[in-house]
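Once you scroll down, you'll see the structures, which are given as structure tokens.
Below, chain A partners chain B and then partners chain C, in two separate complexes.
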Partner chain A sequence: MIIKTGAVMIKAGIMQSFAYRASGFLLMLLNNLLYLALIYFLWKGIFNSNNIELLNGMTFNQTLLYLGLAVALQPIVETYVIWQMSADILTGQISLHIVKPISYQTYLFFLMIGENLITTLVVFLPTFVIVYFLTNSFVVLSYNILLFVISILISIIINYLVGFIVGTFCLYVQSPAGLDNMRMIVVFLLSGAIIPIAFFPELLRSVVMLLPFQAIYNAPLQFLLSSGINLNEIIHTFANQLFWVIILYGLSKIIWSISIKKITVNGG
Partner chain B sequence: MDKTIEINNLSKEYKVLNRKEGFKGAILNLFSKDYKYIKAINNVSMEIFSGEILGILGRNGAGKSTLIKMMTGVLKPSAGALSINGNTPFKNRKQHALNIGIVFGQRSQLWWSLPCIESFKIIKEIYSINDDVYEENMNFFNELIPLNELMNKPVRLMSLGQRVLCDILASFLHNPKIVFLDEPTIGLDIDVKDKIHKLILSLNSKKKTTVILTTHDMGDVDAICKRIVIIDNGEKIYDDKIYKLKKYFGPNKTLLAHINSNKIRDDSVVITNIKKLIDKHIQLIDYLSVECNNRWIKIVVDENQISVLKVLNLIQKEFDIDKIEIKEISTESVIKKIYEGKCL
Partner chain C sequence: MKNYFKKVKYYIHIYRMILIQDLKTKMSFRADFLISSFSGIMLNAASFISIWIMFQNFSSIMNWNYYEMLFLYGFSLLALTPQLVFFDNSWVLCDKVFKGDFITYCFRPINIFFYYTFEKININAIGQFFIGVTLITYSWIKLGLDVNTIIVFKLIISLLTASLFMIAIVIFISSMSFWIINAKGLMDFFSKFKDYTRYPFTIFNNFFKFVFSFIIPIGFVAYYPSLFFIHTEELSWISFFGVFYGIILLYFSYKVWVKGALQYSGTGS
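Showing the complex of A and B:
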């Protein structure tokens, strides 16, 4: 039942993104490519000036691959749920969503999936191909691709839940820009999307591994990067990701049900 | 008749910051803890029976929408009890949602950039409407309004009237027991209003749906409601059959006419002249009240006795008239009459 609802909504989400976002996709792709060029030259410079092969146990190709893929993953994983929520809250449109038999959280999730599916095709795939050739076909293409895809699906859920929890605070502070910036900086930095987690100082790294953010970018990337990943590591990564899904889902439900009582819808 | 909705001593308070003026005030507001409480709904009780069309009438800001938002489960009441089909809207949200349909006049539940039919398909899944019911309803809707051209049009390209019609149909799609219409005719012209009235009446009679309609337009309640509740300043000031109120506002229309001549200085002369004129030609002067102010003639006409146009025809033979205006009686004047005790 919920699957059929999801299918219809995802389809509508895709159609909706086509109605508006055609130019948005091109800009997103262009942004990705510019950012890719930036990290290529930045890290090339760092490796060359120190004249080293290995930095914190990673070669240049591995670093570039890690960060390049993190960039490529952004359109799949990233969520605009905070903006959507704040628009709904500020305009009062939210009153129409919370009188539906489907929860607002589920509704927004399907909406996001539809849009992100398209960005996956139009933005992720081209970026991925470029990264693949830029790093001299360094990606190991075998069964780990399957693990990577499953891991990504869980990442999407985790990042969405983080977004939804932060978005709930739009009910208290009416500034989506501030909230979303804060979320982006925290997520990007602590998830390894800007600097590989392997480069963090020992202490920070052990703290970061206890937080949910590494499960967003770092976890799926591990499957693509480490060639000989063993069963134990696979189970550990998935268990960690699923643990955060459950915790964040519970947390988002609690915070939302407390906050919704605060709602006031003025002006009709 | 069964009661579908029971409301007992319901109240809703909003906490509002006492804002200060000016730049200094704007900064002080950030730290101010000086709140005041506004009672949007104050101790309202009523019962609504299944299958009826109830009109909730009130001025802008009277508390109509707050009342509806509590009934739909959007807002949590500050005090009092509210039971709809045995559910407490705010608590049993999902169960409640399946039983009700909602249209907010200024908002749309339809997907803005998609053809209307896509929204209907989504609603079908969200409410788990089975195929037979969906088919049957769509066929029935099609009898009421030709849907073919509407359904394939993206919602953002629709006129306001078309959009509201689609929104109303969408709210009836899952055969809800109760449909809430919050100012559905806001900003619409008479033609579309009429279409909406007819649509609501036929949906109500076919499906036996309870319809609760808020409006500040006397014409809406006049056209479709048998019972009305009037809310003012958050309190219920009238709750009865509409015909009892109707004799005070129903057939009366106000005719305003402006005399285009500087020669006439004395308003009282005009009044006497008009009275004489009407007395001579139609002898129904008892049913009219005539006033004149700065060459604006104001005549309240009881349309059951004589038509406005007839009166206009008479006076324009005598005076050179350059502007006219015909007004329906307004919600404000009905409310004023209720306060004066005339309707009770």
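Showing the complex of A and C:
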């Protein structure tokens, strides 16, 4: 049942993303490539002008791989759930969604998966290939790819849950742009998508590791950085990610059920 | 000449009236105003923190030290502020053209560019102005640069000319919505470039240096004009050229915008 409804929702998401023209995808890809060029030159400048080989245990190739893949992963992991929720609340559509047999949260999740499926194909794959060659085929293509993929699937859920929790506040204030910007700033900075977490000062790093955001970008990227990762680390990373899925899922349910009582639909 | 002054006075009067209307609308969404302002401050705080974190690991980027990078960042924040505050409506031009709302502007008896562009003011971006001033002052003191009337005057002039570039880019790209149906993607694409302005351009190779100087002229937003004050050994004719280049680009993009607006025929709704 849930799989069948899920498939329908995913299809709806795919259709929705097709409304975005081919030129839109092309610009997204071009944007990624320009950003890749920026971080390539910036970090090359940093490594070369300071005459360093190793920075916090990371080589230039590792840094570039980490930051480049964080960019490449964005079309897969990023979510526009806040905008969707805000639009549903503003138009009153939400009153139709909350009486349906499928929960609003599940509905939005499948919609997002469908939307991101297309961007994954047309934006992620080309960016990944370019990062792969830019770092001199540095990624070891072995079983760690499998771990990486599983970890990303969990990242998607975590990032979605964070988005849903923030989106719930649209029931109180109609400010999707402000809320989504704040979410993005916090997620990108504290997940290592802008600067690798390994570069953070000791104290800040230990605080960041206690937060859910590192489980979004930092966790899957770790699997690709080191080829010789041991079983302990694998279990630890997955346990940490699953822990945050459970906590955030519970939290989103609680916040949603409290907030939905306050809903006012204009006209509808 | 007297006629000309009258016209300017008339436009200033109109601008004040439009502004009051816009501010009244904004006041009725107070929570949105607070959240937007706060997210703007957070964005700048995050950028500052990322520069700080980077410099915990090394002492310079291409011989640009921490305070010089802060100066560059502050300069770019200040040079981007006029575009953010006064030209906010340009970002939604594509939607208005697409949906047909733009036709309402075609019937006003005043300059169509003036009325459309200055209809909205984004006052929450003023927070960025204060952050920029603080960063420049802080790095100025730490770098031990001179303070006198001439240099302050020079700073203001170079900030003003630097601010023209982002304004010109945004006007030009937004005017594309008169010809292209989906200009929104293009707008999103160009909005990312403001983050590229805060790095010393010596990191780039010649190809990217050329692109970011003349084709997408973001180098003139902060890097080239900053060379008048810091790293003067990197100063070349390009920085002086920038002073005039901005005016030329602004005039050109204004002309393109007006040309597009005049041939706009609405959507028939």
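Brief remarks on what is shown
Methods note: the second predicted complex is superposed on the first by the 264 of 268 C-alpha atoms of A that agree within 3 Å, B and C clash if a C-alpha of one lies under 4 Å from a C-alpha of the other, contacts with A are read in each partner's own complex, and residues count from 1 in each chain.
Please note the rule applied: contacts are C-beta pairs under 8 Å (C-beta built on N, C-alpha and C of every residue); 3 or more make two chains touch, one makes a residue touch a chain.
Note that the coordinates shown come from a computational prediction; the quantities given were computed from them, not determined experimentally.
Look at A:Asn31: by the touch rule set out above, it reaches chain C but stays clear of chain B. When both complexes are overlaid on chain A, the residue A:Leu211 reaches neither chain B nor chain C. In the overlay built on the shared chain, the residue A:Thr5 is in contact with chain B alone; chain C does not reach it.
After superposition on the shared chain, chain A has more residues touched by C, the comparison being chain B against chain C. Look at A:Leu96: by the touch rule set out above, it reaches chain B but stays clear of chain C.
In the overlay built on the shared chain, the residue A:Leu55 is in contact with chain C alone; chain B does not reach it. When the shared chain is aligned, chain B comes close enough to touch A:Gln16, but chain C does not. Looking at chain A, you'll find residues 20 touch chain B in one structure and chain C in the other. Across the complex, chain B is touched by residues 1, 4-5, 8-9, 12, 15-16, 19-20, 91-93, 95-96, 98-103, 261, 263-266, 268 of chain A. Contact residues on chain C toward chain A in their complex (touch as defined above): 29, 31-32, 35-36, 38-40, 42-43, 46, 49-50, 53-54, 56-63, 182, 184-186, 188-189, 192, 196, 199-200, 202-205, 208. Contacts from chain A toward chain C in the complex involve residues 20-21, 23-24, 27-28, 30-31, 34-35, 37-38, 41-42, 44-46, 49-50, 52, 55-56, 172-175, 177-179, 181-182, 185-186, 188-189, 194-195, 199-201, 204. Across the interface of their complex, chain A is touched by residues 14, 65, 69, 72-76, 93-94, 97-98, 100, 102, 104-109, 111, 113-114, 118-119, 121-122, 124-128, 154, 182-183 of chain B.
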